[in-house]
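By letter and in written order, the chains are A, B, C and D; residue numbering begins at 1 in each of them.
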Amino acid sequence: MKAGILLLNMCFPVLAGLMMLQGKREYTGKKLARRSLAAMVIAACFLVWNLTGDPLSLHLCSLGKDLPVYFHVDAIGKLFASVVTLVWILAICFAGEYMKKEQDQKRFFGFFLIVYGVLMGLCYAGNLITFYLFYEMMTLTTVPLVLHTRTREAITAGMKYLLYSLSGAYLVLFSTYMLNRYTTSLDFTPGGTLDLAAAEGHTTLILVCACLMILGFGVKAGMFPMHGWLSTAHPVAPAPASAVLSGVIVKMGVLGAIRVVYEIIGPEVIRGTWVQTVWLTLSLITVFMGSMLAYREKILKKRLAYSTVSQISYILFGLALLQPQALTGSLLHVVFHACIKSCLFLCAGAVIFCTGKTRTDQLTGIGKEMPVTIWCYTIASLALTGIPPASGFISKWYLAEGALSSGTSVFAVLGPVVLLISALLTAGYLLPVSMKGFLPGKEFDYAHLIRKEANLAMLIPVSMLSLLALLLGIFCGPLVQYVEKIVEVML
Amino acid sequence: MLLFGANFISNIGEEVAMVLFGIGFANLLFQKNLIKKIIGLNIMDSSVYLFLAEKGYIEGRLAPIVVNGIQDVNTYINPIPSGLVLTGIVVSVSVTALMLSLTVRLYRRYHTLDLDEISARLKKEGL
Amino acid sequence: MAFVQNVPFFSIILSMFSGIVSSVLPEKQAKWLNTAVITLVGAMSAWLLSYLLEVGGSFTFMMGHFPAPWGNEIRAGALEALMALIFSIIMLLSLLGGRKKLKDEVEITKHNIYYILTDLLLSSLLALIYTNDLFTAYVFVEINTISACGLIMIRQNGRTIEAAVRYMIMSLLGSGLLLMGICMLYDLTGHLLMSNIKESVQQIMAEGSYRVPMLITIGLITVGLSIKSALFPFHAWLPDAYGYSTVSSAAMLSSLVSKGYIFLLIKIFYRVIGIDIIRNSNILNVLFVFGLCAMIFGSVSAIWENDIRRMISFSSVAQIGYIYMGFGLGTEAGMVASVFHILMHAATKSMLFISAIGLTDVSNGSRHFAELTGSGYRNKIAGIGFTVGSLSMVGIPCFAGFVSKILFAQAAVANNAPVKIFPTVIVLAISTILNAVYFLKTVIRIYVPEDPAFEKQQGYLFFQISRQKLYGLTIICFIALNLVLGMMSQPIVHIIEIGLQNFS
Amino acid sequence: MEKIREEKDMNESRQEENKKPTVYRIWRALKGQSEEKAEELTLEREQILDEKVLEKHRLDHEKMLEKTYDIEHNPIYGFFRRFYKVAGVLCCLALIIILLVQVSYLPPVGSSSNPGSNEVAAKYIEDGLQDTGAVNIVTGMILDYRAFDTFGESNVLFIATCTVLILLRNDKKKGKDSAEAEERRDSYYEPKNDVILQTITKVLVPIIFIFGIYVILNGHLSPGGGFSGGAIIGAGLILYLNAFGFQKIERFFTEKTYKWVSFGSLTFYCLAKSYSFYTGAHHLESGIPLGKAGAIISSGLILPLNICVGLVVACTMYAFFALFRKGGF
């Protein structure tokens, strides 16, 4: 019974999406949005059903020799799954209005649902093979979202996204082959499944594999050497798509890193080795560089994309510290950043939808034109900057604390410093928009000012997300306890 | 001479066959002219027949045709290589016919026998 | 002796006889005869396969009244039956899929010759699969070569004839070396039947006389067969031959002919020389290096290619490189991976060719990427087929390619010669990513919509499934085959393993 | 029209040439003079290609040549060519040396203790007569012991003919091109009626045929057999064609004849051999009498098989020639 529900949670959205793709008649955007919203709600019910109740596992089938497809619902999976579902429902509400201006919405919504199903599978995946399978599927099914407009740059962006992700995935795959000899099993078990007897004397190889895997998942998470695709793919995708891309899809790289480091190889193997150093260095570089790039960027969506790069590297930095509080911080930041960044992207989408302005220097006085949107934007940016009591503050606090109390010599100090600097930069690149927006200055002529406020279908998701960004920070107790429970199991 | 084995002197006939084989091989591979290529092919095949004939031959014995009922092993040479030669000849005849007909077609179309030139012409045709 | 044991003999003789009969039939009857024969052979091979899986082991079949060392023999085991089954299925599908193009591209008076050629090609493939006698193998290799050449140049424009000449030259060099090797092997052992040769080869290697000539002979045979199957430095003929011949020929050549030679090479390794001797010699390392070169080179030149069919042909250069790389690993697992890759590549590559022709047909027959824009919408079924094939080539899970890549990687990692692990895995990764580059580029290209006005002006015609039911059916069967290979690979891999055990 | 006139006066010249005494002709030959009017004995072939076409081809050819091998314009190509040559020679030498080394290790020629002369050869020699009834052991071997190879071999011939048919058969409908072009092409293919050739052919061809038939029929008694005899008969056919041209030979040998003869013989071959394979594999008696050794009618299936092979080979040889000559029968 439970297994059936689990499968339904993955298959139902996919089937719904396929039906939507195959549907002959060309529906209006609203009707499509309503249908997909209904589908999402049903899927969410299944999800809730899964969340309540003890962790269950399911052997589906087997792709060839010792390649079982195996699902296992555990705490992290539940956390990610709920975040995904939340963002998804809101994004679909938004899309129903936003996609009016776009071509063939049928395909958009269809693939949107399919991607959701695949993500569910990714969250529930119980071993590395299954994870890889759904990881590839996710890459392939998100490409249509990226090149939705199918202009030339959209297609090049799609190719870039595809190649980056595939090469990352292959890094993972081939280090999986290598690792396969030294592990008892590829199932995810906290503390790692490394077979110490077999691993004796092969530590270098294992470390190389670990490094490759981290890099491979880092591609999806936009870690430093391979962050190029984000800034290309996000701006060309329609706003709901880019919201989920940087809100959720990118997090899946993080999930992969967690799975591999904490549940396959085991933190003890990596702690204090060069791999940890490399990882920390790369993530810190990315944090700083992402903020700088975002600071220098003029196009709003690109700026947000770069900010995603730096924010995700906060999470990776936390993971790399291999230290309980830091891990807590990272997981918290996963949740918060999902809400915040999708909120920001949806705001940008709303602005583009209503005014057609994409560059930040055009946005003077935008606050007068569409105040509600920009208020939500402001709240979200404050949260991202980490102004207490908004949510970003909590996660960053945990991160900094973890960094200081982790035994890593240089990074213990360097980490918090970099985090602070980049927080300042974050304020520097996010807030000017709303300042200019609300206080356009004297030469702004109020005569030609017209209210272009987005309508409810857009405002509701945006405001809900910004409220979440605020409230999760204020009433963060239960969430923090939940995360700490996870962390206890892992470390 | 260290390179070579014990029977270098006694197998002189086979060495001729081998040299022929190498010559035919090189002709088939490196000649530009198709007809010369085909000649090389035939040289190669006949060298194989020579080799087989040398293999079948045994000092001072008769051809494997039973004469007045003597069926002693020590009377006749080894019949198997002769059979192989027969098969090989037929195969090479058919292959040669095929190659020649291909050559004729190419010549009728491009008025040349030079393979590189033919490919240059093909590029010019942009076919 | 169970009646089912006649199946190898029947299927060889039947396909040959149908070829002979087709020479006096008009083309329509020849076509039906050909289809019927291929189907029948497939069915019989399936029957034989089930029988052999039931009883296990393998059996030999005396061709004539004289037992082993004197007469000819054919031998059938599980692996041979599997090969025969898959080959006949793929040949049938390729013929069905390319039938319409055949009508357009080959003048009607030569159709029955086309079917004669395919019948004899089938018979020679079956004989190569089943035979237990080296010289018979040589004769049928020649039949295979000649009929393949005929299949290339039956569509007569300059390109195909030139390609046929190049193909013939290369494969004649190969068969010259092969024949010379066989003669020397006969000279050293005094036998022509594989099992007897193996005994005396073991003896020779044991007592150490004739070790040098034996190694050189093995080298001759290997080089000959790898030339014939277009291993990397000898692939110059391949792109033209596959790229310009009529589509069924291209599908059959790329998926069957070269695979037949490779299978013969496997048989020689196992049943003639003995795999241990091969592993102790350096030949496998040479094959390994060339295989790696082929993997990189083929993919790179496929990326620069601007013509869809030539691109697919170059990719099959790379795939043949994979197979030889698997040999080169020198382990049982590597061999299994190679054999599975043979099947996978046969299935996928023929599908790619067939669906590529569907795409070019709706683009005024032009094969350049620029014109292919949006053809995935004009011909939906072909678009789907091409996408599935590309994903399988790129190695996405659930498709056949993923399984063979995983098998290769596992074989490489489990290899006990650590010097081979890293080259293999790294080159696998690189060439997979290169595959991804050119195949997915094409897929995205065919799904980028073309401006309808432009399409109308170009006069692109749209594909109606009602018009070509056969074509659609073929593509669907291909997709099904690919999914079967990808999802239920376990029993097939099992069959391959036991088959190889029966070999040695 | 004027072609006919040329032929006429050429015949006249030849007749008056014949009138002169033989001694005179020998004497003139000794003096080293050539015959008068010798240049009239030229074949049509040179007359048919007119100069303009040849000139065009030649110029085009030269242009292509310099286009193909312009070393100074693309030096890489030039380097490649030179490298190619050197590599070619080196490969050839390396191959030869390897093979020489190989051969020098092989068992010595002519010694009776080679691995080749083992129980297989012994069995063929000792029991060959009893097993197959063929006095000629090689024939017995290729047609009975190892018949599968030989069957494949005749299929090689068959398929080779098919491919040559694909390439060279011109399926032009006769109605397509005008009558005089037709006549022109025929005159192109037909040789001039050469008296010497025709006389000699009249004498030789029957002898050749009879010899070929003899070789085929005695394939199991003496050297020879289907392949050699068939080749001989094919040579006879080709000679006849060269002497008398297509119209005469098409009275008794057309493409249809070729098709049916080869079909019939191959079918018989296939059926007979499958019968014997089947019975052999199932250890049944193939109730075919071997007859008395040494007689023409003996050795079971070998005689009919030889005849079939002979027919196939003869037809194939002739078909090759006809296809190369005219693109049809």
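Some notes on this structure:
As a working rule, contacts are C-beta pairs under 8 Å (C-beta built on N, C-alpha and C of every residue); 3 or more make two chains touch, one makes a residue touch a chain.
Computed from a predicted model, the values in this text were never measured in an experiment.
Centroid distances from subunit A, each centroid being the mean of CA atoms, peak for D.
For the pairs B-C and C-D, the larger set of C-beta contacts lies at C-D.
Measuring from the averaged C-alpha position of subunit B to that of subunit C gives a distance of 28 Å. In terms of their C-alpha centroids, the spacing between subunit A and subunit D amounts to 76 Å. Rounded to whole angstrom, the centroid-to-centroid distance between subunit C and subunit D, based on C-alpha atoms, equals 34 Å. Subunit A and subunit B have Cα centroids lying 69 Å from one another. The set of subunit C residues touching two or more other chains comprises 135, 139, 142, 146, 149, 153, 156, 161, 180, 186-187, 212-213. Residues of subunit B found to touch two or more other chains are 5, 21, 25, 29, 55, 80-81, 87, 91, 94-95, 98, 102, 105, 121. Subunit D has residues 99, 101-102, 105-107, 114, 116-117, 120-121, 124, 146, 149, 153, 156, 159-160, 163, 167 in contact with two or more other chains.
Here the chains touching each other pair up as A-C, B-C, B-D, C-D.
On the side of subunit C, the complex with subunit B involves touching residues 135, 139, 142, 145-146, 149, 153, 156-159, 161-162, 164-166, 168-169, 172-173, 176, 179-180, 183, 186-187, 192, 212-213, 244.
For subunit C in complex with subunit D, the touching residues are 1, 6, 9, 13, 16-17, 19-21, 23-24, 61-66, 69-72, 107, 109-110, 113, 116-117, 120, 123, 127, 133, 135-136, 139-140, 142-143, 146-147, 149-150, 153-154, 156, 161, 180, 184, 186-191, 200, 210, 212-213, 216-217. Looking at the complex, you find that subunit C touches subunit A at residues 391, 394, 396-398, 402-403, 406-407, 409-410, 412-414, 425, 428-429, 432-433, 436-437, 440-441, 444, 448-449, 486-487, 489-490, 493. Across the interface of their complex, subunit B is touched by residues 57, 60-61, 64-65, 67-69, 84-85, 88-89, 91-93, 95-97, 99-112, 114, 116-117, 120-122, 124-129, 135-138, 141-142, 146, 149-150, 153-154, 156-157, 159-161, 163-164, 167-168, 222-223, 225, 227, 293, 313, 320, 323-324 of subunit D.
Residues 61-65, 67, 132-133, 136-137, 140, 143, 147, 150, 155, 158-159, 162-163, 166-167, 170-171, 173-174, 177-178, 180-181 of subunit A touch subunit C in their complex.
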